[in-house]
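First the structure, in the form of structure tokens, and then the observations on it.
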Amino acid sequence: MINVEEREGSAEPSPERPFLSIENLFVSFNTEDGVVRAIDGVSLSLERGRTLAVVGESGSGKSVTAQAIMGLVRSMGGHVSGEIWLDGQELNGLQPEEVQALRGSEMAMIFQDPMSSLHPFYRVGDQIVEAILAHRKIGKAAARKETLEMLKHVGIPAAERRIDAYPHQLSGGMRQRVMIGMALINSPQLLIADEPTTALDVTVQAQILELISTLKEEFGTTVILITHDLGIVADVADDVAVMYGGRLVEVGQTSTIYEAPEMPYTLGLLSSIPRMDRELPKRLDPIRGNPPSPINLPPGCVFQPRCNYSDRVANGACLSVRPELLPTAPGHLVRCHLPAEERQQISADVRRILAGAQR
Amino acid sequence: MAGYIVRRTLGMVVLLVLLTLAVFVLFSLMPADPARLTCGKACSPQIIENNRHRLELDIPPVEQYQRFVSGIFFGRTYLADTKRPLECEAPCLGYSFLRNQEVLDLITKAAPVTFWLAIGGFVTWMTVGLVFGIVAALKRGRWQDRTVMGIALVGYSLPSFFIGLVLYFFVILFLHLLPNPQWKAGMPFKDLGGFVQTMLLPWITIATLNAAFYMRLTRNQVLEVFGEDYVRTARAKGLKERTVVVKHALRAGLTPIVTAAGLDLAYLLGGAIITENIFNLPGLGSLAIGSVIASDLPLISGITLIAATLIIVANLVVDLLYAVVDPRVRVG
Amino acid sequence: MTAAPHEILRVTDLRTYFPVRSRGLLPRVIGQVKAVDGVSLSLDSGETLGLVGESGSGKTTAARSILRLIKPTGGQIELEGVQIANLSQAALRPIRRKAQMIFQDPYNALNPRHTVGGIISAPFRIQGVEPPGGVKAAVQELMERVGLNPEHYNRYPNEFSGGQRQRIGVARAIALRPKLIVCDEPVSALDVSIQAQILNLLKDLQEEFGLAYLFVAHDLAVVRQISHRVAVMYLGHIVETATRPVMYSAPLHPYTHSLLSAVPVPDPRIQQTRERIMLQGDVPSPIDPPSGCVFRTRCFQAQERCAVEVPPLIEVVPEHKVACHFPITVDEVAARARAGKIEVPEAEEQMTGSVSGPHFVEPGPPHA
Amino acid sequence: MPRSNAWLRRALVFGTTFALVLAACGGSTTPSPTTTVTQGPGDTPAPTEEVDHSGGTIYMLTAAEEFDDIDPQRAYTGEDLAFFGATIMRSLTSFIYDPDAGVANTLQGDLATDTGTASPDATSWSFTLRDGLTWEDGSELTCEDVKYGVSRTFANDVIVNGPTYAVQYLDIPSNPITDENDPKSGFLSAYYGPYDGTGQADFDKAVSCDGKTITFKLNQPVADFNYTVTLGFSPVPDPTGHPDLEDTVEQYTLRPWSNGPYKIDEYTQGNGGHLILVRNDAWDPASDPIRKAYPDVWQVDFGIDAKVMDQRLIASEGDDAFAIQYGSIQPENLSTIFTDPETPNADFAGRATSDFDPFARYYWIDTNKVSNEKHRQAMAVALDRDAIRANLGGDYAGALGDGVIKPNLGDQYAETGMWTDLFGQAVPDTGDPEFAKQLIADSGEPMPALTWDYPQTAVRDQEAAILVASFGLAGITVTPNPIPPGQYYGIVFDDEAAHEFGWAGWGPDWPNASTVIGPLFTDKGGWNLSRVHDEDFVQGVQDALAELNHAAQAKMWQDLNKLAMERVYVIPTTFGLSQTFGGTKVQPLYQWAPYGSWPYAEMYVTP
């Protein structure tokens, strides 16, 4: 069950914090072109054992959110403010060494491109052993034994041989299995998967998604899955957070987001994708225009320039007033100036058209 | 791996043969007649002919080349038809009639100078280049970075003869911090102090230009590798920052530098002509230039062979080293 | 203005092999990668043929060979009745105006030093065509047509977003009113909202100019959206070809079944309950493909015969060809899945490192 | 590096860098006030003023990588002859040390007691050795050693590149073998030298020892043969008399045995190499009135960068105070060191010299290719010599020449009148295009197309442009043909490859015009770039060679010089001047006329 608190009202810490709680997260980078506000006030929380999909287009801030949780933003030169609570511990205020101790043990991450994410000079087994020894005081032999077990566990055939292979000697799917094994080797509470299958072929993607689901059940891991593919979201997520322009724009359970989305951006995404489970529309109905530049975000609603319905809001509020992320139903939050009834009406219309295909 | 080395070695031999052959061909195409050049003031056609015979230029170039090659393996005899023949024992790279010495002796005498010059310069520039380059990368955009890059730009834009002369004039002639450089046989083992005093400025001269290049190269490589996904993975594993930088980032980032460095060192071993000249060092570079000016074919051929061998071997070593460091290019 | 459909392209038995060389001073050819091995296809005006496959299937090589960006090893390519497989580059130049290409990566495909106007007008200059009304007017008309602001004529590519850059690529491709456009993964680098815009644009242009598209992509949903017919490639071979509705509703090749079932559907209720065929392992290395049927190592239908006999591409029903010894219908697959009988041979593991070991494959650069 | 090659190179370098002033002629450099020991008949200081200057080390800095040749039969470069003659290699006769060129060019006995005795027809010369002459091992230097040394010149299969006057003048038949395919045909004489031994009887007839007296029988009258013996006639230990002093033949040039006040301690060639001379204890000062032998050590440092060398000597710090330059001052430093071409700045007074080098610069004209004398005259008249000299460096480079005999040859030089009346009217320094046109018209045939060969340097590229422009004014078309300097003489001596005219420079072998006029305009001596074969001229040279009266002989050389200019075998351009200097604590510093060198035998260090 997802529980999102609005940032202005989030000041009081509840005695019982959820497993993961992000409060008022801001991340910015200084670049030659100006300050990039990659994350512009994100607050959300996630219960233990759930799978949250963070959905968005490039530049929406979904990957940066993940890296901020992992404490990797500072080493990339970014500025982070806000609080990140993981299992009762605030991470953003910790010393770099303290976060480092948690990385790879309490929380782990896998990345988009398994080829470039594995070090080309070291054997895959050694790279996993290194992850074990970074956090636990056990012998090398024991660590290697454990690594071998894990490789078998993530479905690598002939693991005894592969443990001494170099990354380039493995196929893409195999490498991503190694990455997953490496991430899970210290039994982390939280696993963040950043576009884990984007670089893989579709048949391999299916295998990897299946593996993540299986392991999640087995280890009881909480998963944050970052993706742009709504098919994958539908496949594995319990909860969905839709990001746009560095902000959350809609949050809810997966079924809610697919069956009763209210934010026009979410609707736009659903109508943009070609899909194989519906009758073929003659034309797709894409969101017009281009995503905003993170250097120069619109002052009001970040989606306003591409929104088909902003003219329905009185006084041009979309242009000047920043909408808040507000609950519209239990566990369903939407950031939109449109009145709830109007949003639901629009949503119903769009979904009817989508289902009816031919336009 | 063994097969690879054998194949590379064979290729190397072919290349060396072609190279020395090219030297012979170029030499025989030269418009000036070496026999005439060495004839001097008291010259007559008879003397020219005599010189030609003495220099073995009266036999076809192909046979000259054959003698050169067979001399390397079996030795050879010059002036065989006189009562004072000259024996040159294998490995014979030839006999320089202009210097009245065996080419191998000349090279053997010059090689240590160039060796120490190159090694010292190499160590200096690599140390400076790597340390400053890494510091600049780690402190990217800050004053340390800007300072290092400023130095690199200045160092890079100065020609080496200028650096050498300025150092000589300033350090030796005006400040009297060091005596005039003077290479003595047996250095550095015989006279370590004199060796350092003699070599310090040449090392700095050679290092300045290269260090500037390596600072920039190192900085760019390290910065590039810090953006690599596997460095992010290393951090995500929870490794110590030190381990991330040294084991994951630098090892990968510095590997291509090994290639460049190995070849640069090999070129230097072939002779650092300008530096050797300014600092009066009897190395291979000045030997080479002298032999070219004097059209001393045996010496030119010998030095070409040695220098080319050095460069080709260095190339091979670098490739093998690269294969050791980077499993992606490993063979076998 | 669309004329009656007629055949634009006919490719027969196209083969493109890359030599595998040993490293070293004197590299020897030690093998061949049969990137494209006997591909035949045809394309009419106004028609889109979707060419789908995973990485290593040879779809991109096939597309580039058809445009003669790569010299094919064998086979015929007939473009509007002209055989172009063996033409010299000089002889090809006038042909090139008939066939253009749109590339995957909108960031690298455009020269950052040229203005948009310069990029789009390049085909005019190269072919020496002077459009009525002048080049600039023609370019601005093209820009307007693909949804770019004509006033941005003098801007540089880096001032545009990914979607806009792909529009520039489209404008350049249609400048000379070609008959055929080969689209190599034209939308896979784009965000979903932009993807849809470009797909719509391509569709509109096809209708307006009667273009034929050879649409190369790995995304089956995208291919479905734009194609009239679809061909599925695997390890250099076309394994199945059919009209779009047939391909997506009644495929016969086990690989096509697997592909279709692997694509996640953006509807949690359907996706989380549907039966899927899970292939094992990855596509084998094209340097050393399996004997017989190249798919057999991952095929749930595979039998002994598949290892020895290469299945020919046979037209089982009109306009539906399949290369399989044991084709299978959707219903049969569903029944087998329900019965839990879809078993795939455990892919005999192979280290794929040999590709990048001591060898390199042309035309890529040698390993550093 | 072979001596001849370096000799050529040096000639080329001089041509670009230096200039001369006519007024500087005769060694006008003011001797330093500290110069108290200059010896010689023409000098004033009394011997009583002499103090003991012994001790110390004199350093010689050079950009060269080695000496061209030290072997007594191979040494041929002036500076080398001067240095080794003063230190380890005595000859039968040698020249007087004196700043005045006229005095210095005077011959005196060295190994010999006097300057030799000629037969009346000058076809036989004898010299008697002094007492107490020794080799460095203490063994006696005998007449046989002189004879053995001379004999080595004939072994021209191994002893190469040296002066060949012995072969040219001694009365020994020429080599009977003329078949080119016979390796023996390479010998210049019927005597094949001491190593082969063929023809030894002929040699023994031509050169004979009678006790301490050695007699040379010549094949022609040679009036200045006592000068000739300064070149290539120095002794080498006869193996039969000196079994311990081995003649290493080819390698002898690396370590010849000394009979002078010093001996070779170390010799390493090349950049960074040294030649170190230490005292030869076996040398008896009583046997040698010429060499003062002040310093304990001579050290020559090879391969010093020319720019560095100048700066070291300007600073003159530490050991560099005892250093002298073997070479010349870089043009950019001339104004630092000199006020004008005659006067060093106050800081350099007494340690910088500007004086004639041995070379006359000229353009040779191939008289076969440009056979019409009027054409050659037109070329000479058309040339803007003033611009050529300015291009070379003006006053520092030298003065305009009027022949091939240079004023520092003393009484053998006389103005030829080439630019005043030789062609019937005066020719201005900037050339006279109208007069040239008229000469061409007078010639009765059109001027042939001309190509000018030259060893390419930046300065000479300019010279080519000046040449083309000034000839152009007279309607003469010239194509410049630049040649890489190292290959220049190899090409222009080839009759096929050489063009109509070209650049050259020449200095005499000894201070007698016999080594100028002969080599340049007859086939004897081998520098006949003008390809002159005029019989009357050859006869004139023969007559002069035979004239024993020095004054009469000088007049004959003057006339031949004038005749050569009238026929324009060459166009003289400049008489070169060279500037060089030494450290603050080495004296005396002047250019010694016979070889244009430092006066090595009387140099010493000051405290």
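Order of writing sets the labels: A, B, C and D. Residues in every chain begin at 1.
The definition used in the following text is that a residue touches a chain if its C-beta (ideal position, glycine included) is under 8 Å from a C-beta of that chain, and two chains touch if they have at least 3 such contacts.
Predicted model, so just to flag it, every value in this text is computed and none were measured.
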| Is the number of contacting C-beta pairs greater for A-B or for A-C? | A-C
| remark: Using only protein Cα atoms, the chain sitting most centrally is B
| query | CA centre of chain B versus CA centre of chain C: separation in Å? | reply | 51
| request: Let me have the rounded angstrom distance from the C-alpha centre of chain A over to the C-alpha centre of chain B, please. | output: 55
| task | Indicate the whole-number Å distance between the mean C-alpha point of chain A and the mean C-alpha point of chain C. | result | 31
| remark: In whole angstrom, the CA-centroid distance of chain A from chain D equals 91
| request: At least two other chains touched by the same residue of chain A: list those residues. | output: 166, 168
| Multi-partner residues of chain D (at least 2 other chains) | none
| Where chain C touches two or more other chains at once, by residue number | 356
| request: Quick one: which bits of chain B touch chain A in the complex? Just the residue numbers, please. | output: 228-230, 232-241, 243, 248, 251-252, 255, 325-328
| query | Which residues of chain A touch chain B in their complex? | reply | 70, 72, 75, 96-97, 100-105, 108-109, 111-113, 116-121, 130-131, 134-135, 166, 168, 179, 182-183
| query | What does chain C use to touch chain A in their complex? | reply | 54-55, 161-164, 191-197, 199-200, 203, 218, 220-222, 224-225, 244, 248, 258-272, 276, 278-283, 298, 346-347, 349, 351-353, 356
| If you look only at chain B, which of its residues touch chain D in the complex? | 30-34, 36-44, 46-47, 49-51, 53-54, 79, 81-84, 86, 97-101, 106, 109-110, 113, 165, 168-169, 173-174, 176, 179-183, 185, 276-278, 280-283, 286-287, 290, 293-295
| Complex contacts: residues of chain A adjacent to chain C | 57-58, 157-158, 161-162, 165-166, 168-174, 201-207, 209-210, 228-235, 237, 254-255, 258, 268-270, 272-277, 280, 283-288, 290-291, 306
